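Two complexes come next, and they have one chain in common, chain A, joined by chain B in the first and chain C in the second.
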Partner chain A sequence: MPTHVERITSLQSKTWSGSLALEIRLAASDCRTYNESEPYLIQYPRLSYVAFLLPRLHAFFAASLINPEVPAHEAWLSFEDVPLKWHYPLGLLYDLLSGAEPVDLERSRREEQLSASQATAGASHGAVPIPWRLTIHYTDFPGDQLIQLDGAGRAMLDSFINGVKEADFIRNGSARTVMSLSKDDSDKLWLAVQTHDMSLFNTINTKLLNPPGLSLRHIPIKIYLPTSATQPSASEPITEETSAGHSAGHIRVVQSLVPLHLPSKQPQTLGTALNDILPTIFPSRRNPLLAQPVLHGAAVPMGAVMEDLSRAAAYTDGFLHVVVVMLG
Partner chain B sequence: MSDWIEQYSAALTERDARERAHKQYIDAYTKLADRTAALEAKPPPVASAPSPPPQSPACRGRTSTPTKGKAAAIKETEQSPTDPLARLRTDLATTQKARTTLQTQVDELTASLSALHTQHKTSTTQVTQLTRQKADVERKLKDRDEELKGKGRLVEQAQDEMVALGLQLHMSEERKEKLAHENKELVDRWMKRMGEEADRVNRDSKWA
Partner chain C sequence: MSITYENFNEAIDTLHARYHEQRDVHVHGDWLDVQVMDRYGVSLLRVTKRLHAATAAAATDEQQQWTSTANPADGDAGNDDGDDDDDGKEDVLQEVDTEVVVRAAAATATATATATIQQQPSVVTYDLLHSPTYQVPVLYLTTQHQQQHTSPPGLPPPPPDEVYRLLVPAAHKPQMRAVGVMGALTLADHPATGRPAYSVHPCRTQEAMRAVTASRSSLWPEDYLLLWLGLVGAGVGLHVPVELARALSRS
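Moving on to the complex of A and B:
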């Protein structure tokens, strides 16, 4: 029987091993041969950031660029004309924008029971998705929607460290632990993110998760809502209106303090937390009736204990980036 | 409580089965793509290194003769290869951009054109249908007119017949009256004669 710690570790390695097939094409207006350049296919980890791909993409597309002297860091990626934000990990971008259906074994099992005779139930849920088609641009940088990167990768490092500090602050009430990391440790952390090395990451991350003298208070979590959903009256959230382009509509980010335990001393589950923050969308604490929470491309059971979920399935910046997908 | 870990784990496994289905092929592709990129990057620097040195003395040689070998001319020739290149690049960039906008316009126009085509087709079929209906209705109308005319003629005929029959009837009645009158007269005369004969017979029998 695997111990609890072992199960959490195996769940974390499953999270880290998730990757997506990407098909990146050069925008027609930047390509010498208009639309006859080849795509760049790559199976990229969900937890990583797309900005790390820019040098490789530049090397690949250099032959077809109209102006090959544009530096690699001035490129930007888009999906169906929506620019992809650099500080969102790939998994989050895919869950938010691609429109692919998340894996929900409960629902597919229920649907198979209802329509036992129909062979279509199995076919639609076993569908293999085609690679995610993205476009890379080298001109018309949307400065109002994306941060400008630099050649040394400092902008990415800064936004990553900001995320880590924010997560640490939410966890402990102060960002002391992150600030007190040695230069060596913070370099190792960033290297682990860049090279997608889970064991190196864990050596530093355990220091952040088990700070000496401080007890964990809240779980860092960010909830992403498509604004086609009914506007909920969230209780004291910190909302950021981020407009993700004309076609995708607006995406609303909801953040609230999620304590580790309920007032009744019971551990906080995802269901109780969502019911507390967004009661209109999650009226029940156990069953996803109107919407379901999606993390890393799969629906999370409502009974998931927040503390364990945070240790196993958080992204590299320490946050649980949960996307809400409306049902039906 | 730990059931959720199993559930979520199973969901992640299923997700990996889908999302990583083509991992091998994609990784092979990525390797080849990176190798192509690396190979493409190497030759051009090698090729470009020998070309600028022979280019610049050739340029200098060529341009020095018309401009009579001024130092300023040499500087200009060294800059001129880059200026038209930059100009060409911007021109190409603007052309490609214009091409994308034109392409979208063309797509829109073809879409509206095909929509109009289908509309036109439905309209023409409607028009032919309506003209056929109109022809049918007109024919029916003509037929009905002819019927009416025919019926009118019949009515006239019938009326004429009636008049003729009426006359006949009148004539027959007159004749009948005349005959009845004649008959009565004849019957009266015969009765008178019979009476006279009877009287004569009575008179004769009395006498004999």
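Moving on to the complex of A and C:
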């Protein structure tokens, strides 16, 4: 019988091994040939960032580019005309935009006695996932919607570090722990993210999760609400903001300080947290009546304990990036 | 020292009310409009501020990618923005400096490559929101072009150096640039619009506010906001008009 710690470690392993099949095509307007160029195919980790692919993509598509002089970092990716934000991990982008049906862990468990970890790995029920089809562009960078990258990878590093600092602040009430990491340790952390190395990542991350003299106060979580979903209390968008690029609808990012425990001293669960933060969308603490919380492609059970979920399934910046998918 | 979401809302509602009570006083000043908005469940205070023709022209001379057209000269060129010089003397944090340079280089390349018609922005929008993580106000700013037809869609925000020049006239010399812990501008997603906007990172605000409010155990929300505006807003050209500050303060 595995211990609690062993189960969390095993789940974390499954989270890190989660990946998605990507099929990336060059935008017709950037392509020299009339026929579509060959697509770039890759199985890429959910936890990673697509920006790391840009040098490889540039090398792959160079022969087909109308203007091969455009630097690799000036490219941008889109899914059905929606530009992909660089600082969102791939798994978050997919959960938000792909429209893929999340795996329902509760139903799986009841129906097939599968453990949660197997469903999280994504290889379930014999279904063959279709690759996520993306487009890469080398012109017409949408500067009003996307922050452009630089050739040195600095923009990616800065946004990652800001995320890690914020997660640290949320956990402990100060970002002291992150700020006091040695240069060597911060370099290792970033290297671990770039090379998707879980063991290296854990050697540094464990320092962030177990700061001496500080106790864990809140769980870092960001909740993503696509607003094409019906929200009874949504206020009207300001008309100045609506423009051509927003056909996917606006995505509202909700953050709130989620304590480890309830006032009753019971551990905080995903259900109690969602019910507290978004009561109209999650009126029940136990049952997803109107919407499901999706993480790494799976609808997470409402009873999941937040502290455990955070240790097992957080992204590399320390956050749980949870997408709300409306039911029915 | 932090401020709760409720108190933040109270403070911005009060500022909004006072501004509009004094509307006649402000009509020829820099603050063109103040709105309180609830945008997808996030409340914010939006201050629309005029940029001076003189400032805009000075910035143009130094930036090749911003083509000078006839300047909209309805601004008060002689207006004094001199009270921001006390913020400019701190040394730039090493990491901020490099970051700004790298971003400037990247953004410059984009602006040159994608801009067709360039018009000096004549208006800047400051959005004040509440940070749920840091429990302090956060500032996001965007420069805008008043004449819609000259603003091509898809324009990125201007490079950081350009933004400083537009906002803080006395800071066009790099060493005078209003940086330091409070003035560091970084590009981030605006929490309400999801679009890139310049922001003053809130992580140091709490510490700085604590230092500034050390002698006071509690503050009225409006006074907290005024202090915060003095600390954070001033470094990026957002100065509260005197009459408004007087009307807002409770102490």
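One rule holds for everything that comes next: the second predicted complex is superposed on the first by the 287 of 328 C-alpha atoms of A that agree within 3 Å, B and C clash if a C-alpha of one lies under 4 Å from a C-alpha of the other, contacts with A are read in each partner's own complex, and residues count from 1 in each chain.
Going forward, contacts are C-beta pairs under 8 Å (C-beta built on N, C-alpha and C of every residue); 3 or more make two chains touch, one makes a residue touch a chain.
What you see is a predicted model; the values in this text were computed from it and never measured.
Student: Where does A:Val253 make contact in the superposed view: on chain B (first), on chain C (second), on both, or on neither?
Tutor: second
Student: Considering only touches as defined above, state whether A:Leu149 meets chain B (first), chain C (second), both or neither.
Tutor: Second partner only, chain C.
Student: Now for A:Gly99: first (chain B), second (chain C), both, or neither, which partner does it touch?
Tutor: neither
Student: So, A:Asp158: does it touch chain B (first), chain C (second), both, or neither?
Tutor: So A:Asp158 only meets chain C here.
Student: Who does A:Pro283 touch here: chain B (first), chain C (second), both, or neither?
Tutor: Neither partner.
Student: Once the structures are superposed on A, label A:Lys14 by its partner contacts, choosing first (chain B), second (chain C), both or neither.
Tutor: Only chain B is touched by A:Lys14; chain C is not.
Student: Classify the contacts of A:Ile42 with the two partner chains as first (chain B alone), second (chain C alone), both, or neither.
Tutor: Touch partner of A:Ile42: chain B, not chain C.
Student: For chain A, which residues are in contact with chain C within the complex?
Tutor: 73-74, 85, 87, 140-152, 154-155, 158-159, 162, 165-166, 169-170, 175, 227, 233-235, 237-238, 241, 243-244, 250-257
Student: In their complex, what parts of chain A are in touch with chain B?
Tutor: Within the complex, chain A contacts chain B at residues 4, 7-8, 10-11, 14-15, 17-21, 28-32, 34, 38, 40-43, 56, 59-60, 62-63, 66-67, 102-106, 126-129, 131, 139, 296-301, 303-305, 308, 312-313.
Student: Please name which positions on chain B make contact with chain A in the complex.
Tutor: Checking each residue of chain B against chain A gives 1-5, 7-16, 18-23, 26-27, 29-30, 33-34, 36-38, 40-41, 89, 92-93, 96-97, 99-100, 103.
Student: Which residues of chain C touch chain A in their complex?
Tutor: Going through chain C, the ones touching chain A are 37-42, 98-99, 102-103, 105-107, 109-110, 113-114, 132-134, 153-157, 186-189, 191, 193-196, 201, 203.
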